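So, here's a batch of structures to check.
Two complexes, one shared chain (chain A), two partners (chain B, chain C).
Coming up: the complex of A and B.
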């Protein structure tokens, strides 16, 4: 239960600048997700917070304590690894108790904490087993219980769900959310899965090749992407970016591109004023709605339309972007507010 | 074409494929049998002959069934100097084992876990130590040992044997440590361990079976080594050195008995550690 302050962290491996001056202010009890594609530096940042990597420059503070040069064991953090890292030569009980034993906690407290966290993660019936006798999902639970048992100031999770199959991942995601909300531990969570990020996070930091493009609430990230990169990374399908060389209403100064989400169009089958005539290339029925790939003046973009509209490939449809949903971006990809 | 003729063609093809499969299988099995007997037949003869009396060994026709006559073995064990040499061999091999593991384990860990300048060169140099034949090294070593006062000592000999065993200890332990995910260590660090504690509590228990195997391997290398032992020891001869010098003048049945006693530890060792050797060399055996 504490804040994390990341100030101007830089890190490079050889010639590759993995982190280019990253700063983050994570509030007490906040659940922050570091989101980005592989290679963007999100795992490196997490490992620097944990103390498993050393930054080239910059400061990490946990609470008021500068921990930049402390070894992991002195930071009072706990970490959940992608491949679980459950100790194979210890029982589940000893795995969960490991951190407390290292801190020389009294036996009574160890037993209490292990049983409490095991019950929380629904593995209290597995305490005598070894990791070889557990399924992937159960190992994941052991890893989370082991992290929570030490009552850390900060919980760090490195793609903890990515090795689980899709269904189990959904279930664990929901469960993690409620467990972590109850534990009130400040959490930093790394993932490349935007749905995971949107559903878990209090705030999301979207990372792009060693920088944080936007650090904000999930709704803000979705509705007001700070950069073209964020807009095209978040959302499925991503935001459309269209050059305004045709009638799109008033264009602000310096605007290079219009960003508009696929669901933010007025749709008509007949020609109307200010509507764009688009040619439908493909139509995909997705159950709740249909998704069109369409073309206008050689620019490709995607539109979500309700199921009621009957349309075939090759037909023409008329669209107008909703005025309040239009976002404008400069040539450098920054939003114009 | 009728269905019948189609069926016939199919059947013919299946028969042809089966015939080829059978042929390959036969070839495979016979080569396996050949290779196995290549190793086992001499060992079998050694066992049979060391368990037979002198008359049987020198007589004709040869006996292919052990007579369980313990006379030659008994004679060999009671032969003057054998027990002392056996003890020397044990001591030298134990020294070698301890030094090779004591030096090899940290080096293997460093090769597995750290990136340092010249790592690949270091790996090559380790292997290069095996490039110089013992006959080439033995004489200069003997001179050096006499100068520093290590001549005719088991400790000096085990230093030489360590040099022979060390490359294996280093490379075997490094592949052992590579097989233990670094995340396990990192998890231990985050949970409150320093490097040493994490090594002892997490890495060591997981590497122990393999470390044992590599220790026994070092033991056997020293046990089997003849040349350096023969050159560097005079009064404190190991069993191999002793045998080289005394067996050439012994009757044939005692030679057989000596040979059997020499290969026994190696065979026992292979049975004990074969699981780890296989997993080390990437052969699945489960």
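Coming up: the complex of A and C.
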């Protein structure tokens, strides 16, 4: 049983409050993704879980054990660093073997694990090389293999795929997912790529400048963004937030804005009751559908429409949000349930 | 002027300088070393110095001194540089203070330690005043070769450890901290991190520092001259003697060539032992 409990972690560097009371409850064998824009504190939180950084207050538990003040090597975690940290003075083999050597594993097991994880990461032909002779992507895979080789209880990964090309990234993403599912390792994975987060995560924690706005299943995050911030961070294009002037029908108490995804409109080319006449500004054909940006009285709309609808910029289109897809937000940006 | 000549024009003054003040004397020393007093080319100068009763002792003393001083200094410098690199505040100040002895010439260093260890020196008066000894003693005489040797070792350590220190501090500063973090995550305690991460990654700096320090150790002269005089002959001292006391430039040059040969042998040794494989640099 390896759960990770993060309770009210706070951290500041100098005057800057980087983490403002962060809590997470990660279940055994769960794959949690920390998602957020650059500089929101993802790496800092991960490093605090690893023990490389000390929190100002709050506790970290791994399983039933409070580890907040233990050094990293006593936490039994493995980590993939954002900038690889593959040892330059060791061969790829020795790099992957490092953790097992530290644990004084028998030579046979070391060889087995190194070869298995290297094959998994497609670097088995590079075992004799030094890291200076590898490409960035190969180095990153060495870092992942090094972490997998120790068969850790907890695996922490800081943007492990960020330096791979798009195709390899897609392939590695799928492989990583199956490898980690098979190994039953509790994983915390940092990324700023929402597609990666959506496809990998059991649960996603969306971070917003030092806070976790929402920690939930990918579907929930997409369908019911807990805050305006989550709605506008997740989804491409993001959720539309429509101002009070446009609100029609029943509006719940305290509602300030309507949140609606670009694909959740009824669309018509002719005027109908309660439909908004929007003026199309631009149209992009994206293959599976077309994406419009449009405007009405200063309010910007982003709308996805099927390819069949013929429309040009400057034309008028009539929209109505689907009733069951409407989400309401308070003036402070919180969802009203 | 054609642009492609610029680099050559720009380095010309320093090349000229090197040729006149380094290469020319260097060749001159070789010519003298292999020319006997009657003008024949040969090894007679080397025969002269090898058969001299001071040659073996001076060779032995020089090597022994290097063998004791360099490792001790290395260990001290590694320890000190690790501590200095960990310091958050006042690091530069501490480094400046520790490097002060470097600014003292070796002759002045010899005088300082002579003032401490001499029969009328500070150590004698101190021990006398607290009653450890009944009368000032003369330690630095021919009956106490070990004490003379120890005094030279101490003086040399005091004088030149900082050379290693500054090189190692800058070398440690070049090692990215992620490597320590990765080692720590994967279970290395601080002792293991020192041996598996710091020292291997420090090899280029260790190499430079050791070559520099060992070569300087082979040229040790003024400190030994002052503390040991003729009781502790060293290679550089003999070179001096042959050149100025015996007025034999040929033999002095032969000594210089011997020192050069030693230096080359040890430099090659360090280059080989502390070699960093291709692709394994930071």
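Heads up, the rule we're going with is that the second predicted complex is superposed on the first by the 334 of 337 C-alpha atoms of A that agree within 3 Å, B and C clash if a C-alpha of one lies under 4 Å from a C-alpha of the other, contacts with A are read in each partner's own complex, and residues count from 1 in each chain.
As a convention for this text, a residue touches a chain if its C-beta (ideal position, glycine included) is under 8 Å from a C-beta of that chain, and two chains touch if they have at least 3 such contacts.
For clarity, every value in this text was computed on a predicted model and none was experimentally measured.
After superposition onto chain A, partners chain B and chain C are found to clash with each other. In the overlay built on the shared chain, the residue A:102 is in contact with chain B and with chain C. In the superposed model, A:279 lies in contact with neither chain B nor chain C. In the overlay built on the shared chain, the residue A:12 is in contact with neither chain B nor chain C. Shared-chain residue A:87: touches chain B and chain C both. Residue contacts after overlaying the shared chain place A:132 against chain C, while chain B stays out of touching range. Judged by the touch definition given at the top, the superposed model places A:223 against neither chain B nor chain C. Touch criterion not met for A:307: it reaches neither chain B nor chain C. On chain A, the surface touched by chain B in one complex and the surface touched by chain C in the other have residues 50, 52, 71-73, 77-79, 81, 83, 85, 87-89, 98-99, 102-103, 146, 150 in common.
Listed in rising order, the residues of chain A touching chain B in the complex are 50-52, 71-73, 77-79, 81-83, 85, 87-89, 98-99, 102-103, 146, 150. Those residues of chain C whose C-beta lies close enough to touch chain A in the complex are 176, 178-179, 181-189, 192, 197, 200-201, 203, 276-282. Of all residues in chain A, only 50, 52, 71-73, 77-79, 81, 83-85, 87-90, 98-99, 102-103, 129-133, 146, 150 touch chain C in the complex they form. Touching chain A in their complex are the following residues of chain B: 181, 183-184, 186-194, 197, 202, 205-206.
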